[in-house]
């Protein structure tokens, strides 16, 4: 059994982690922290956890007191808070899965530009592994610090990865339209996210300077072998969970949908959490699972590649992916705790 | 043209009033106030009003500056703020339609008990008219101060009014289960009303001490001629607008659904905003309109009266009813501005 | 491993059973049937099951061909179809968990009156066990035929069971208001259940002759020791899953909320799937789990008991409860496959 | 008063037309037809119309019997049914506003290719006017047959019209991602559109061969002066009403957001139903109104134009636009019946 601590366990990603890890056969949840709920029992704060055998109590996020009890930590903290916490835990010899943005961007200058804050732990960036198992599984095996990807980037990067190395894609023409359920914005009460404002609503936001853009471009560039920029337009969907991403790019050679699809099937033949489809997937398929569903087709009339991909933003887009990384890191079957085994 | 001021025009009832009054052929909206949006134009703050001919700007709620421009005022203020504002405007000779709870309860002691605050304008209570036109139309004609009823009470009182004077109803057995869309809770950002918390959710709240209870009991008692108490259980519905109320009471004599229904049809034969049905109405029928839909039937097997009624909480449950009162007060056709004429 | 067959596996209860049983450590799903999807693979029809290790294919519901492969069967069939299927499977020595209404009512005349069809397997009614583990756990241990309760009855019966034997409840005054998500109506396309009709809608239906009424009265009468009738009013909630039930009854003696609550806590002290609360539970707590959340309080002002209870209609109200019965019948821990163990 | 007939008045566009025309001061609704509801009163079938003064009864769609009573007709019929009906009514000298696709495409071969049916009234195509008032107002004034645009095309065409004649847009790079509420799919019961399937769902469909594509391309080509093709990807939004369209195109010259925005403001300076914004509009602004909200900006980093536009699919995307055309055709103020005047 691995003793696990969850820092910031009362937010949406924290709760999702708990729902996975409390049933994980190789995990003992040894500490959960929350500044807001310190001293209260998990099942009182979140009655959905009423059935848990072990009585858990939220502690204040004090690393000294919990570091001994845990082998590994999942950090569900706001960006910039995470970098300090991770450094302390790494110093103590712990393995860290960070769900914030703090260690995702290799170039600290890019981080500082898009997030508008100074990176105080630049020295850790080199050893941090971008926790996208379908691309970086080998590195995750030996990582001490895993930067779990953002929700939008997971859907976008895995959506286009199979063809980014191909010459028939015009890399300057990539457009990514994504929609996300509102849990991606977190639990803090904000007027815009009230049901009375959102029901029946829909809108674009954040473009063209949404913070997930450089994360997508970093991984895209690694796959294309050249600096690749994208137009990324996120939209708010009036529902709680889920991300749906529609990607287009111009084709510079004639390609059929069948040829494209074969590339996708081949690329993901060994992936246990990706399903490739020849028709558009539906977001609801992904809700509650760690699976990414992706379709790819050629619009031969306009020489355009059309890709759609969908995930649960809180699972494959955050907590499930973190556990997938954890499983790989600790040598467990990748699927333990993540659905039908 | 009547010059109208709307105090607190940026909340949900204020916006709904605007959507009605801006198309009302006898009304000139002469002033709108909002502490939050002072100095900003209506169409900038609420782009839904982009099509209005007249450019309106939110003013700060300063009565001295606006009292001359307006003949009548609609107060969309929190309880306790309303009583002071109303007093000032009445002193200046204006007609006041108050959408708060401050003047609904005739007995200031009842108000103070259920609302937990002192009533500073008790002297106005005697002349205030409870603005339920189907019951108090004659008094509204001559009122200077109209206390527009709460949303739940409108559905409950009109739901049972036709039989409350009948001896075959056991008045000690009345149970009122209501559900309400979340706009009833106002615009203030609160965690419980975020879409991510409410989607797919439903729950009772406030019972048995919800503040609308004494308002229902006051009107019920007037209709029965005896002190009548009710069990009132409100529930939160994961949608924006609408109230649906299900009322049960024991029958002390054998009555058929047909007999009950005839009482309802007779009672509401002259009402232009009430539709009586022999089957359960649907909440969506009422959304956007000033109409109350009501059904009544006898469950002969258990000797129980079952009544359901439904309204739009922001229209017949607040702003529409206020305009209906306004129309009556000023001698206009009751339906002006309130739908198909 | 118990070899399990699911008859009618493509409906909502069938899918929910699959989602539970495919992860159940003592179960091998040996056969799934569907007339509509015969010959198609499970993961093609329902991509949510893409991750299952074992490739399952829908078969036509032909008992001869599947009876040998399975030890036990879950029947997710329309009422009247179930009685014939159950009889065949019982003849073949199988254990049957029937999710239809066919064996819930002990008196075939009551069944025939409320369902309007002839009961062709009356002889099986005596041995059928009503599958509510919190009340009939001992009988379930030895049953060959378990009639899994309806969704509304589960919430109503467990909601009032702790006090139905008490003399301070006026048994003639019980009123049950329930709301249900639309999955309770099944998957068949019907105009009333289209999103465009239901979004923002809410309404009562079926009362006072909804078919779940006699099921509630049968169990209530067993608990009170006298013929007990109820006014049961179901409502349609514009969401997919969940039931919320609000029960009122007159108190014939003075009781405090604390006294009532103690009765509930005592009654459910040994129940692993019931949580007792002193405030109103929220429906979302129950979604996805096999847990019932219940609150009870006295409205001393009107001498009324107010109880609310909530479940997931597809889990504790159907498939989860069926698996709970299965676990009890086969001597497994009651919670296997049903959440945090 | 113009006497108006609505053919197919029981569908969503028919109901929306009724809600507008019953309050239109220059209109007398003289006939409404529905094969399904023949002989039933409007307020019985749709209780939302309970308040209408005039008792309307659905008739069967028999042109001989109603042609004398009406001056003009709105056709809310499936494609191919409309062409025959329009021909008959034009022969009888009536003015026809057709809400189907039958007369939108100037080239019958394009119609026949994308719709898969023969056009039997090709001779009418030349005189039919595409009913987009912001582009073709002058022609609408004198039209006998107005082909009211589709919902997606309205948002896409008006979204890009201000810059389609500009040389700095790469016309081969236009990508249109749209989302639509489900009312666009009509009232017919279909499994995919049940609330239990759609709640929390989202997906692309129809691309790259959705039937609204050639309609967009026809109008785009007219504006660019060259054959212009687009990649059009519609998505289903889990709500009832509204369309939101996000358009991207590569910029071939450096342009600032300010320059782009000025082109939009200038283009729509005389339009009474278009609001131009410098930030992303929200779909809910448009719901219930005949207004289109549009934003335009340059992503200078990637040299990409980003445009978003939003409408109510049933109003500006169908019935409201039809009434706007009607107002223009009959010389009324364009806004009569369509909101704050």
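Going in written order, the chains are labelled A, B, C and D, and every chain counts its residues from 1.
Please note the rule applied: a residue touches a chain if its C-beta (ideal position, glycine included) is under 8 Å from a C-beta of that chain, and two chains touch if they have at least 3 such contacts.
None of these values were measured; they are calculated from a predicted model.
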Pair joined by more contacting C-beta pairs (C-D or A-D):
A-D
Which chain maximises the distance between its CA centroid and that of subunit A?
B
Counting only Cα atoms for the centres, state how far subunit A is from subunit C in Å.
37
Distance between subunit C and subunit D based on Cα centroids, please, to the nearest Å.
47
Determine the centre-to-centre distance between subunit A and subunit D, using the mean Cα coordinates as centres, and give it in whole Å.
39
Interface hub residues of subunit A, defined as touching at least two other chains
181, 199-200, 238-240, 281-282, 284
Hey, which residues of subunit D end up touching subunit C in the complex?
12, 181-183, 187-191, 193-196, 198-200, 238-240
Residues of subunit B that touch subunit D when the two form their complex
22-23, 47-53, 199-200, 272-273, 275, 277, 281-282, 284-285, 288-289, 291, 293, 335, 339-341
Which residues of subunit B touch subunit C once you look at their complex with the stated criterion?
172-173, 175, 177, 179, 181, 197, 199-205, 207-208, 229-231, 233, 235, 237-242, 244, 246, 248, 250, 280-284, 287, 297, 299, 301-302, 304, 306, 308, 310
